[in-house]
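As written, the chain order gives the labels A, B, C, D and E, with residue 1 at the start of each chain.
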Amino acid sequence: MSKSGRFSWFYFSSPQSFYPLAGTLQPWFAALAVILCAVGLYISFFVAPTDAQQGESYRIIFIHVPAAWMSMFLYLVMGFWSGVGLVFNTRLSSMVATALAPTGALFTFIALWTGALWGKPTWGTWWVWDARLTSELILLFLYIGFMALQAAIDDQRRADKAGAVLALVGVINVPIIYFSVKWWSTLHQGASVSMTGAPTMAKTMLLGMLIMALGFWMYSIAATLARVRCVILERERHTDWVAAEIGAQT
Amino acid sequence: MLEARQLECTRGDRCLFTDLSFKLGRGQMLRVAGANGSGKTSLLRIMCGLVSPSAGELRWQGRPIRDEREEYSRNLVFIGHLNALKDDLTALENLQCAAALSGKPADVGRMLAALERFGVAHCAELPAKVLSQGQRRRVALARLALAPAAPLWILDEPFSALDVGAVVELELLLAAHLASDGMVVLTTHQEVQVVAHAILRVDLDLHTAALRAA
Amino acid sequence: MKPRHKRFILVGAGIAGLALSAGLVLSAFQKNLVFFYTPTQVAANEAPVGKSFRIGGLVEKGSVKREADGVSVQFVVTDTAKSIPVVYRGILPDLFKEGKGVVTQGKIGPDGTFRAEEVLAKHDENYMPPAAQDAVNQATAKKAAQSMVASEKGK
Amino acid sequence: MNWGSWQNFLAMGGYGLYVWGSYAVTLIVLVAEIVALITRRRGVIEHLAKYYAARRRNHETEA
Amino acid sequence: MIRALGWVLRRDLLLAFRRRGDVVNALVFFVIVVSLFPLGVGPEASQLRNMAPGVLWVAALLACMLSLARLYAPDHQDGTLEQMLLAGEPLVVLVMGKVISHWLMSGLPLVLIAPLLGLQFDLPGDALAVLCVSLLIGTPVLSLIGAVGAALTLGVRGSGVLVALLVLPLYVPVLIFGAGSVGAVASGTGAEAHLMLLGGFLALSLVLAPWASAAALRIAME
């Protein structure tokens, strides 16, 4: 993902040189994801204590919150790379945006699903139409719309650019999701971890949640790198290096 | 002056042309030749600024057209495959809208004169949908006869669906435009009888875009 | 007009539009635009009339009374300034407790009692083990006691 | 944290269905994505191998 | 700039006038959808009154969305869109003209006929007034957002369903606050906050949507 860009943007902005780099990095991120999730799950179930209010049902937080964070964060990253692709006409950034969308949509789905399962025992309902829940649902539709639009357009360059415009229009939704609990009085509780102010969670609970979030992050990078490799092969099939790569694979 | 620098165009997996450079000066005509699917229309659309080339750039009066899109558009008349006529508007209204949108509104007398040149003045009050294919093409071409003319004309198969009389009329119009230091870019399958002090030719069939002056 | 001037005008209009939009949205937030109403708002007649709406607040301590049939329950929702009595027939969520947040949907009856159709618990964003919760409770009680003493002394 | 027994662990203080329902679906979704990625990669490689083979044959017959 | 905008507007209104049928169809669609609900739900006045804002707004949303297909597609087919991209004026301005004419032909008629339909649902007078105001502020937003969707899906296969998928989620806030304003005034809590938010959406989409739509059109024409 953005990792490549940091040390040598120009070299790795070509699909040909990014492809092997992604291949090298991908297993490491995957391994990190497995380790972090394992540690996170251990803390979530065996170290973090019961919650005083909610009992054991709060343990859903360890996937719900990281998934919700990822759903918003991945959309921002997708919007960023879409914008870069639109402005600088760099193929790789458009490919990365395309590769991010399915993972983002999955995390949005997970956030909604676990939220429903958490809401039933604590609030007493699977779903309410409050601002936080509604805007998160719209985020899912935006991801789906992005994928559907790209799939419907045959010309690759146009698909990338049209998707980018849609992604950028949809970015408005992300701050609405994030701040909805502050702006409106919602059923959804406020943020336990915020940029300002101390977290309102017991330390071990917070630790478990943060490690799980880190694990999801690594997973997202690994999944995106794997997908972007497929996308590169498909789109660069007319080049000699892809022909050579496929020749080596088979 | 219009200058193309190392233009490249790819559609899907196919590279239509690459490293295409030419210069088109005042009073010169550029004829783009090539077989079907060789990228003639794509080149014309790139030259209009409708499509950005996958590499290279176009310069108008020394400045990239990307930077001054509207300014460039005002110096340009493009007549493409489609006639850009609204079926429900009359020939006159169509011409009026086209002129207004290109930033050069004209009065009715001039427009009727332009239609007259292509022999469609009697259709001026008819909705475009009742016109024949040839008549519609003539109405579209009447934009060229509207004075004051934009310096650069880009025409995609302007002679298609025209009868002999209209072909001659268009050739005269092109010659007059070139004589008054205008520039013309066109694609066509038939030979053009236009007197001009330079007719350039780009042949897209020869992939390396050989350029020769006639 | 040069293209540069046009772009300038367009960008200026855009910025003005954004400012107008921000102003309108922010002043809308000053007004009453809510998922639920507080008892104070209901008392000030800001809540809808003759229509189902939600009230939110805390369940007043010691106000929860269960009827003999086991499914009907009465309690009082308060925001510490005003309070509204609520009657409800149905299953309460697990987090429904005295002194905790609640959001309930229903209509106000002619006697001023809120007839709830749905009761939802609203929990806060604090997560801590029971022992820590006890400590917090004790601390707040102590603080409250101290402030009582202080105010007594002040008199 | 000591759960005492497997039953306690699975029961999650009475919220077993909700907690395990969340974790199970998350696991299923993520595993499904991984499987989809692996099959996609195989599919792409297979498809492109055929594509290049067809192109080679085409060149040979032309030549 | 203003003159170019005026010309686009004039041309589109003239075309709409020559093809009155299309405008009338959208309006009839709106009326029929709204009138179906009392038939399906039953004639109980209080229930209808509660449903009215939502029903009217959803029907307005759908009617507006259906007419999006006519926004750019005909111009795309006959080549006039190409000429618009080559006009000597910023494309944003021309897009604005297209959007205004779309609103005049699809949004404004809805606003005018909505009070009549509101009577069908037994809405009180003040609620009818707020319904009109909310539609007046809200339907331009629908046209503006719709213009982005229409431009993005221009000439794409299956664009009818796709435009719904792209545009409807973005319509949600307008629906919530549009219908909410009528509901709020019907239940005695003022509608100012809702209308102000709608106004905020309108200002925001007036700024952003024409740019996005113009960018999408350039992309679509490549």
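Just so it is clear, a contact is a pair of C-beta atoms (placed from the backbone, for glycine too) under 8 Å apart; a residue touches a chain by one contact, two chains touch by 3 or more.
If you're wondering where the values come from, they're calculated on a predicted model, not measured in any experiment.
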Exercise for the section: Please find the path from chain A to chain C through touching chains that uses the fewest steps, and give that number. Expected result: 1
Exercise for the section: For the pairs A-E and A-B, output the one whose chains share more C-beta pairs in contact. Expected result: A-E
Fill in the blank from the handout: chain D and chain E have mean C-alpha positions lying a whole-number Å distance apart equal to 42
Completion exercise
Averaging C-alpha coordinates per chain, one finds the centres of chain B and chain D separated by a number of Å equal to 54
Problem - Between chain C and chain B, distance of the C-alpha-averaged centres to the nearest whole Å - result: 67
Practice task
Starting from the mean Cα coordinates of chain C and chain D, work out the distance between those two points in Å.
Solution key: 43
Practice task
For chain E, write out the residues touching at least two other chains, lowest number first.
Solution key: 89-90, 222
Exercise for the section: Identify all positions of chain D at which a residue touches two or more other chains, and write them in rising order. Expected result: none
Exercise for the section: Among the residues of chain A, pick out those that touch two or more other chains and give their numbers. Expected result: 49-50, 55, 57, 121, 155, 237
Handout entry: Residues of chain E defined as touching chain C within the complex
Key = 1, 50, 89-90, 92-93, 183-184, 186-190, 192-194, 196-197, 199-204, 206-207, 211
Fill in the blank from the handout: Listed in rising order, the residues of chain A that touch chain E in the complex are 86, 134, 138, 141-142, 144-145, 148-149, 152-153, 155, 157-158, 161-162, 165-166, 168-170
Handout entry: In the complex with chain A, residue positions of chain B that touch it
Key = 11-13, 52
Exercise for the section: Using the touch rule from the top, collect the residues of chain C that touch chain A in their complex. Expected result: 29, 33-36, 56, 91-96, 100, 103, 118-134
Fill in the blank from the handout: Listed in rising order, chain E residues that touch chain A in their complex are 148, 152-153, 156-159, 162, 165-166, 168-170, 172, 176, 208, 212, 215-216, 219-220, 222
